[in-house]
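What follows is a short report on a single structure.
In this document, chain identifiers A, B and C correspond to the written order of the chains, with residue numbering beginning at 1 in each.
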Amino acid sequence: MYGSTNLSEEDAKRMNSTVEDPEKLEAFESRIARGEKIEPQDWMPIEYRKQLIRMIEQHAHSEIVGALPEGTWITRAPNFRRKLALIAKVQDEIGHGQLLYSAAETLGKTREEMLNDLLNGKSKYSNVFNYPAKTWADIAVIGFLVDGAAIVNQVINSKGSYGPYCRALERICYEESFHLKQGHDNVVYLATGTKHQRAILQDAINRWYVPLLHFFGPPDKLSAHSEKLMKWKVKLASNDDMRNQFLDQYVPKIWELDITFPDPNLKKNNDGIWEFSDPDWNEFKRVINGAGPCNAERIAVRKFAEEAGRWVRAALMNPTEKYVAPLA
Amino acid sequence: METLDPRIKRLSLETSTEVEKTNSHLITYEVFHQEKRGKHVTHVGIVHASNPEMALVMAKEVFGRRGKTTNLWVVKTSDVYTFSSEDEEMFETTPEKTFRDPAYYKVRDRIEKFQNKNKV
Amino acid sequence: MSNALKDLLFKMADDALIIGHRNSEWTGIGPMLEEDLAFSSMAQDKIGHAQALYKILNDVLGEADADTLAFKREEKNFKCCQLVEQPIGEYDFSIVRQFLFDHAELIRYDMLTQSSFQPLAQLAKKVKGEIKYHVMHADTFVKLLGNGTEESKARLQTSLNYAWHLALGIFEKSEFENDLISENIFAGEEELKKRWLQKIIPIIEAASLKIPATDESKIVYGGRKGFHSEYLKPLLDEMCEVVRSDEATAEW
């Protein structure tokens, strides 16, 4: 998922060992239980702050790294309509990064610290962006299905407890509806087009199927749970629930175009739960740990952007001004 | 480095380049947006910028690239004064002051009572 | 008159398409997030202007539709100046190019609001505000970077020197210059260049940069007549890769 909420064992241990002021904790938790939001200046448990920074930061990284696979085709979009839509769409992803880094900044970590951590590997981004966009059809599939998956995740997260993150997500979800529509439009044109167009679309779907299943993270039975993160409304739905919601919304929209998924076991049960062949979770781990087809390229390109822009940012710096964290 | 992106190919990047750590950062400006003439100007987020002029130029595309905009305001974050969150209790009893509330004034009951009494 | 009009519209449209295409290459890899967004929006604006100009060629002057004109035309039929064809280079070149080009563009559109050719006058009125922002953006950055660090100042000066004779190529006269002027369609490249210099010189000075010396023999002409730099052909091949990958009737 964009911002993963699965705790490492170490994190889980540290989280349980921090002792918070019980009175403040009680007030904080009852505020969340009442459905109220937490704002940056409020008291909050150390772990709440830490987990939010981690999640929002990962989400922000996913946006700016996510701009790269689609950027692959930005100079090759085949007509005015697609050219403008693709540039605007990739631009939006950078805009989402801007909004999300800003939300994380309110928690006390600067954008530069976050970008440093992306480049030195301390902080992750969504696995799905470590796969290549081989043909123009990948642009259609990413726009429709990767964005579709992201929207499932983001709509759920926008109901969370941290005000600035919710506000950023509200804006983001509004823009995502354009991403989805233009992606669907692109998919439909290819599916209803020439033999070649249908062939590249089918090929792209075949390649993106497993990364899409991986997108929501390991199955619930394999991932560490945190009651606390659920209670604090940092995590709002289980991986399996989100994955199921995604399949339910999008599989029929591909099937109706007479395009298939490369999985004979993909089907919806009578109880509304989708069944599918277990995607290789070892592959998922390998890619997370850097061995995906594009990990090295993505980081190299972000490093380039940082390095090439350094003199610009240095020149814009005003040494008489002192940085304070943004307000909201 | 191998890449499918022609833009990136033109940059001929090395995968191994070390990146210098950045510790300096631009200050932030809080951005306020007015959608239409006659509407309130509301806070929408922040931009990083080195002066107010740049903040406005940046704010236009960060917050004004969709829908309608008549104006944007930018204010340096450190120039904004706010209540501390503990002071929120100062506002707690305000909603109870119903004498400021139009719904508090219900004359209909009294009028009806008066009219019924007169009929008898 | 229609040949003179076509010539004017093609060179404006081709300039806008090619510089928009070039600037869109920065989307996602810009020097800071906010600037990435701004640069991308301006690239989209430019591509939109090209589309609108091709549409006039199609609607009023009997040329093919915008997509065909942009994606299926031979390199030698493009009328853009060589300034816009140059690769994006580093950010200093891209911002300097934008500064030089957009000032000319704003004045050109401003002049065209008075054009006797109504479709163009209307378009000029409509998009002037967008280009006004492009100029505001360019001025802000040129001033900040020109007055920034030693490095940023040196970079801007180098790029300004390099771009200068390319930029003067914007004003290459066409064979129809006199017709355009006498028919009150467009007041001409000479007039445009004069106003452009008046406009940019004080800003270059405010940016603490030196105005490059003009050597008439070094001005890069040719683009308006279909003679292009080594960069345009590969740009078009890349831009048209998907279109060319399938039968001509394929819809995308």
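Quick note on the criterion: a contact is a pair of C-beta atoms (placed from the backbone, for glycine too) under 8 Å apart; a residue touches a chain by one contact, two chains touch by 3 or more.
Just so we're clear, the structure is a prediction, and the values are computed from it rather than from any experiment.
Viewed as a contact network, the protein chains are fully connected, with every chain touching every other. Here B-C and A-C are compared, and the pair linked by more C-beta contacts is A-C.
Between the CA-based centres of subunit A and subunit B the separation comes to 24 Å, rounded to the whole angstrom. The distance from the centre of subunit A to the centre of subunit C, each centre being the mean of the chain's C-alpha atoms, comes to 36 Å.
Each of the following residues of subunit B touches two or more other chains: 6-7, 26, 47-51, 54, 62, 65.
The set of subunit A residues that touch two or more partner chains comprises 68, 71, 74-76, 95, 98, 111, 301, 304, 310, 313-314, 316.
Counting only residues that touch two or more partner chains, subunit C has 25, 29, 32-35, 37, 40-41, 144, 238. On the subunit B side of its complex with subunit C, the touching residues are 6-7, 10, 26, 47-51, 53-54, 57-58, 60-62, 65. Residue ranges of subunit A in contact with subunit B, taken from their complex: 39, 41-43, 68, 71-72, 74-76, 95, 98-99, 102, 105, 110-112, 115-116, 119-120, 132-134, 167-168, 171, 174-175, 296-297, 299-301, 303-304, 306-307, 310, 313-314, 316-318, 321-328. Taken together, the subunit A residues at the contact with subunit C in this complex read 64, 67-68, 71, 73-80, 82-84, 87-88, 90-91, 93-95, 97-98, 101, 111, 136, 189, 193-194, 196-197, 301, 304-305, 308-316.
Across the complex, subunit B meets subunit A through its residues 1-8, 11, 13-15, 17, 19-28, 30, 43, 45-51, 54, 62, 65-66, 76-78, 80, 82, 84-85. Residues 21, 24-25, 27-37, 40-41, 43-44, 47-48, 51, 66-67, 70-71, 90-91, 144-145, 148-149, 151-152, 155, 238-243, 245-247, 249-252 of subunit C touch subunit A in their complex.
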